[in-house]
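You will see two complexes here that share chain A, one where it goes with chain B and one where it goes with chain C.
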Partner chain A sequence: MTATLPPETGAAGASAEPPLAASRPALAQDWRRLVRMGAVGAVAQVFIALSNMPVRLDERVIVKPVLSLGYLTLLIVPFAAGHRVGHQIKREGMPQHAAGAHEVAGGAACGAVAGGGLSLLAVLLANFDLREPLVNWSPMLAELLAFGNATRFAVVIWLLIGAAVGALGGGLRLLGPRTRRAVVTMALAVGGAAVLEPLVVDLAEGMRLEALTDRLYARRGGINWTSALGLAAGSGILAVLGRGRIQQARAHIAELEGAQRTRTNGLLILATAAVLIVLPLFAGKLTNELLANVGLFVLLALGLNVVVGLAGILDLGYVAFFAVGSYSAAVLTAATSPRINPELPWLVALIVVVIITGLVGLFIGAPVIRMRGDYLAIVTLGFGEIIRLIFLSDWLSGWFGGSQGITKIPGAGIFGLTSVAGTDPRRVFYLVLAFCAIAIYVSWRLERSRLGRAWMAVREDETVAEAMGINTVNVKLLAFVVGAILGSFSGAIFANKVGSVFPSSFLILVSMVILVVVIFGGMGSIIGVIAGAALLIGVLGGPKQPGLLQEFSEFKLLIYGALLVWMMLARPEGLIPSARRTRELHQEEFLQDAWLRGEVDTDDGNGAEPEATERS
Partner chain B sequence: MRQGWAPRRTGAPRTGVDQFLTVLRVFAVGLVLIGLAAFIAQEINTDNAFARWANPDATGLTGAQFRGLVVSGIAQGAMYGLIALGYSMVYGVLGFINFAHGEVFMMGAMTGMITSNKLADAGLWESNFIGSLIFIVIVSMIVCTLVAVIMERVAYRPLRGSPRLIPLITSIGVSFFIQNASIVLLGPAAKAYPDVPDWVKDKHTFIQIEGSRILVVVVAAVSMGVLWYLVEHTKGGKAMRAVAEDAEIAALMGINVNRTIVKVFAVGGAMAGLAGILWGILFRSVIHTTGFLPGIKAFSAAVVGGIGHLGGAMAGGLSIGVAESVGPLLILEPLGVSGVSQLRDAVAFAVLIGVLLLRPAGIFGERLPAEDRT
Partner chain C sequence: MSSGEPLLEIRDLDVAFGGLKAVNGLNIQVYEGEIVSVIGPNGAGKTTLFNAISAMVPVTAGDILFEGSSLLGLDPNQVTSRGIARTFQNVRLFTNMTILENVMVAQHCRTKRGAWGALFYTRAFRSEEAEIRAWGEKVLGFFGSRLVGFRLNQPASVLSYANRRRLEIARAMATRPKLLLLDEPVAGMNPVESAELTRLIGRLRDEWGFAIVFIEHDMSVVRDVSDRVIVLNHGELLTEGLYADVSMDPRVIEAYLGQDTIIEDAITS
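Take a look at the complex of A and B:
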């Protein structure tokens, strides 16, 4: 079905390498590739430096007093460039040690070129004043680049740093898989501990373990360098000892069948639930707030996952349902809403909200559902923006308060027992958790239902699905409505949590962020979507919500954009992909593999015959 | 779905969705007609019973106001048309919406702002306005061409041949990235163009139209003519049309498909750069979100004119421009909607939705790549 342009020769860029003569290790081609990668790295370096990331993030210390997040942003590029070049330099036919030297040298050269970008920038900073268009062209940046010394120092030091880090990146590949895993685990442990610092400190206070965190972290943030070494050593040892254990356990679980499998799954779910229920008791306000925000986005992402992931409808205006849910909850529960204020109890209001949002979903969905996928995306974007503009307009300000919004919304009351308001994030989190559980259960059941299979059939090939007797229009419309209803849950919680709704909370931006979360996590994969929300929203933050790395708030949208592109290029199936979706996206590779093995993969009833795909 | 949105021509509406769509279409057309009728009624006589019924407070428009709206609509529409060319050509060749094209336009406006301010500092902007204008147009076209070509190379070329939504999502990411890159590099505040000479700012004494609008329309018309010549009468243009028609066959005929696609992006980028300068002259202010709405509107314009159709893009741009400038006052105000100017953008989106609902193939019909055509 997806017979667009056939890949031209050389069109695939780096992946389609022409065969090299094995006897000539260093070729002009390698050099060209090396310089090109270095130049890209240099541009990236200069961009990062001028985006003010290093200066702004310098305050966040990772390992005290060696490394701050600001410098880390500058080190990551030569490392990646060196790693990439090391990967691309052919080692076929070379003796092992020669290949190793090549990778390290290549990485170093590439990193030096990338670091050279910063050297050049330091010189330019000293001699020109480009403050007019570039707001971050500041003496602060120059000082940071030169570590407080003269410009000459900056030039030399960045060439050296680039070369060193690039060599590290290139050399990483030389390590055996076991050592490499240990190294990566160590880096992840230190980085993770640094990123999670606020969370860990908060939890430790709740559990009366301050002594531990006092030792681990320095007073003004960042890990003590001694503790960092200890942490790295510990995690390295654990990685070496525990090597393969996790895989074994996973393989073991995958082999289980029937009742045993159900029981294991149930146990896993119970354990996760227990942790999530107990954890907030020990956590302070900030952590709970963070958890509640993440939960809210999990809920939103699960809703969008039904639409985008399962049914394959790219809905760019998903925020519309969030907005409608929030506004209708606000109008129904707040005493201050301008026109009608029935002041319903929250749970009763929720039922009405669900009905209203479902109807809106039907109303928006019906006209767009027949359109081509890409037209549909743009039109839903239009609807998302129209809904916001309507809430904003003077025309209906008698109903929704215009730009003033609706304020003083009471907390969400549950059966008159408790009231959940934003002032008590722990209760909010429990509420969100409950709804997340519902949403997860619903998505999980739906995915395995007749309707879910119909959605996936439509996603794969609409014409074939129709030929199989699926009423594609109704099925897609249902996906739209289910997504809308799931979105309205988070809308209703959001309104009563924050206590006020304004049109500015429902920018198209929110849709985009949810889309990034879904795509990053893995379209159509429930666990993936949850992990995506936890990682992105928890660490970097939502459109308005701060994450663990609060310093990143200026840059998170930039990172989201880059992440979206990178995911699409490198791993379109997402972080934790659903097996079926991966097959769809890499259909040709799978078929090729099957063909090479001399078998045609049709045993799962999903793979098509290669002849069929060639023809389409 | 390959056949896209296909209205059923035979027999009665089959499903509930079809019936709903019919009702919606009738409703939309009816609303527009009633609004128009009320507008005409109140233009004839303000105390007309029909006009009073529709909106008791309606004031109507004077002839001069109406003409002013139409002229500003045409000027903006010409700009939309130039942006729409990029959408239309890329869609015609590759079959996906390059969502980031609006950002290329924004980059053009930004480049123009930076260059013109530098020129103004040097005193050249005042002393030689036309010369500096030509200079900033050239700079902006070069920058935008580069941006578009790099975008194609980095983000879209590796994705050729993947399912159609994948490049669309990528282009959303690119758009997001460029917008936020503009924030972090150039700051989040709105930035102003330097002051323009009086003959551009003021209304012309003879025809009562601002010089800037005449300038925009003339520039757009000239560049449209040049582009038309390039595409219809040069070898490269022929290659573009051939690739749009069927890339595989074109490759067999010895056309370098990759290079042709790069050319398409380059031409689209150059036109967007030009449009960015026109935006600067019309509004004299630019911000990182400048590209979003004009981008969406230009895409609507491309659809209205029929995707893959050069003249259609221009015609579509003009009609969208006029519709968004006159529409709210012509149709919504007589219907009693207050604060219509706030709903201007909503009207632009409504036009897009309406077009896709009523006539997704556009006025002149689509020209799609072979595999998207059915």
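Take a look at the complex of A and C:
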């Protein structure tokens, strides 16, 4: 099928009306780019198909009866390839080729190549017995790929679908910024409504608005196609009318200074807090459970953020502190704890937990902190496992119950007023929310203090920081301990929420997931870390906790990995980066901006001597 | 100038890297209010001497006394809190921190409010922050208007080369030292800038009361500002004394050039 390509791409090149002669060479190379992009798309699509994602996710309907999540995972590939192939890097002073019909043609060609991968797969599956090497191949997959028809149909249809979807992707470039914004908003609205379905249904029930969701969603999941159209139209109109007012407002807030800025920030924080406090009242168990899980990971991520984001210590064994927090809370509060069972009230136990975890942080940190870079990361990885194995060991099973863990942990009592247990996720969420607020406050205050500056300096250049009078060992150790304590909050709540702790809850995977949340959200950025946890844990799910897209749980790690790779390539500073981190990673662009503002510092004219300063 | 107890005294200092003796049996005294320059050909052990004083390389033998007590066995940060601050040959700023933050963070060892003060935003914390900031701005103000004003909150990476060197000196000053170690402060600067910096080094002593030891290859700077010149060669003290004497010393000329030329003509022309 690649043989059919050159003519098509030729057409793409010819149909382009080069607005500037200079853009010719760029177009001459287009077909290579097309094939390369298409081939990448084809490989991705075949990989997705063979990972069995489409079959598993087919159950989750997005727009009934047109689109399921399973097909979406396949269709997104040619769309992305078709869109991406028209991408050109903007360079100051370099001519750009204008968008035209060639965008659509190029997108179609690229999409067809991408779709060709599945066609090829269909041919192979029809002619050879590939069950042995391809463990995930199933008749269901073949049926799905062929839309229930004969395999021959699949061969043709995926070329066509690829071309069509690729053309749409390329065509997106033809739209003006305003139309494009409307289209993106529409897609986001429909996609978001579909993804958030359990949440929206749950909330609607709480607010007695079932009538609305009954109309919006089909009975067995997915948006009704009529409602989808309505939703798309509505959001499109809103986007056109809004004309980027949100962005304007954001830019406006960013420009505020001094007291005004403080007031606006205060109002925003208050508003967010109000929503977070009121929302759970209307939400059912499912939503509150989800919110509580997200909150636990926000707490963990905020703790790790102090260690990794602020002090720059790459800790791959952060789960150790989560485990120590959980186990010490369990031992201190549960009547069934094997050796000692003081059955302390939860809040009293928490104080002891914080002290214990802080000490463990010191104990682990002291040898680790003297190392740097890779060595440090590997040693922390080791300590993370050691802690888990200690809890698992027969040697200490008299204390921690070995693989049996500790069960029947009572809920967390707060001043004897209420008891917070996993049976009432709403109370758990409020408890988590309170501790998240503490964690946010702690990170925010510490970052803007003498200690925070020292962490920054250590992160930038440890040797120089040491030479400038910073006791780097102490400062790093303190970061480790603060991180450990924040993690122990999460652990203590987790133990009392779930009601039991097992060593298997503290696999190394937890460390990795928390790290991915921090990196994905934006290292060193509090809002970024929260957003990262909400998106990853809330939508995809945590190591053992289901997210909104429960169907993804099997492919969670695959998607985490893919997201991380994409993030490192496209936006290494994270989703909502801290200003400082952006500066670190985009120093050249920052310098360019400074130059454009006329703030660039040259040595010219600097020879003038400053006047003598009076010394008091 | 040299009278009473020396501020810094180096006794029979040896620094060896494996079999290589980078510094060998060195004896040096620096007195309060003195400006001493250290010169010598490449590999003479000048920077190693600085690194040994600031505890960044281990001392093999001998002793380093500062205000009468030994610096051996201290960590670099403890040396700095004793009152010795340094700059680096290849400028090493915290480039992603702002200019103000660079001088604020350098006051770490002179301040003490910890996590509690920051968390509870105590009065002591706030007044200390204000002091840190004020001292930082004062130090930056020494270099005229270049590092203050709108620059204060810009990252150090926007600065030009010469201003980075100035900021590095400001950062060292911010640690409130008694002795400043400057490693090639004018390297890479043009003649106008280096002449200005030479005057600034003099003012650092006169107005701020620092004793200064600096390594320099630019002989015009050495001539204009140093009270005393120390010449190192192969890790050993070749000679020391006034610039006029040292520069005419045939051993110095030979060490530098390996031949019979007046260094001043050869190097500064």
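Structural remarks
One rule holds for everything that comes next: the second predicted complex is superposed on the first by the 548 of 616 C-alpha atoms of A that agree within 3 Å, B and C clash if a C-alpha of one lies under 4 Å from a C-alpha of the other, contacts with A are read in each partner's own complex, and residues count from 1 in each chain.
What we mean here is this: a residue touches a chain if its C-beta (ideal position, glycine included) is under 8 Å from a C-beta of that chain, and two chains touch if they have at least 3 such contacts.
Just so it is clear, the model here is predicted, and its values are computed rather than measured.
Of the two partner chains placed by superposition, chain B and chain C are both touched by A:T463. Partner contacting the larger number of chain A residues, of chain B and chain C: B. Applying the stated contact rule after C-alpha superposition, one finds that A:I355 touches neither chain B nor chain C. Contact with neither chain B nor chain C is seen for A:L188 once the two complexes are overlaid on the shared chain.
Of the two partner chains, chain C is the only one that A:V442 touches; chain B does not reach it. In the superposed model, A:V482 makes contact with chain C only, not with chain B.
In the superposed pair of complexes, A:T472 makes contact with chain B and with chain C alike. When both complexes are overlaid on chain A, the residue A:R370 reaches chain B alone and has no touch with chain C.
Applying the stated contact rule after C-alpha superposition, one finds that A:A233 touches neither chain B nor chain C.
Annotation: chain A residues 463, 471-472 touch chain B in one complex and chain C in the other.
By the touch criterion stated above, chain B contacts chain A in their complex at residues 1-6, 15, 17, 20-21, 24, 94-97, 114, 117-118, 154-155, 157-170, 172-181, 183-187, 247-248, 251, 257-258, 296, 299, 303, 337-340, 342-343, 345-346, 349-350, 352-353, 356-357, 360, 369, 371.
Every residue of chain C that touches chain A in the complex is listed here, in rising order: 54, 56, 75-77, 80-81, 85-86, 88, 92, 94-97, 101, 104-111, 113-115, 117-119, 121, 125, 128-129, 132, 141-146, 150-151, 154-155, 157-163, 171-172, 175, 190, 192-193, 196, 199, 203, 207-208.
On chain A, the positions that touch chain B within their shared complex are 1-8, 10-13, 47, 50-53, 132-136, 312, 314, 316, 366-367, 369-375, 377-379, 381-383, 385-386, 389-390, 392-395, 462-463, 471-474, 477, 512, 515-516, 519, 554-555, 557-558, 560-565, 567-569, 572, 585. Within the complex formed with chain C, the chain A residues making contact are 441-442, 445-446, 448-454, 456-457, 460-461, 463-472, 478, 482, 580, 583-584, 587, 590-591, 594, 599-603, 606-613, 615.
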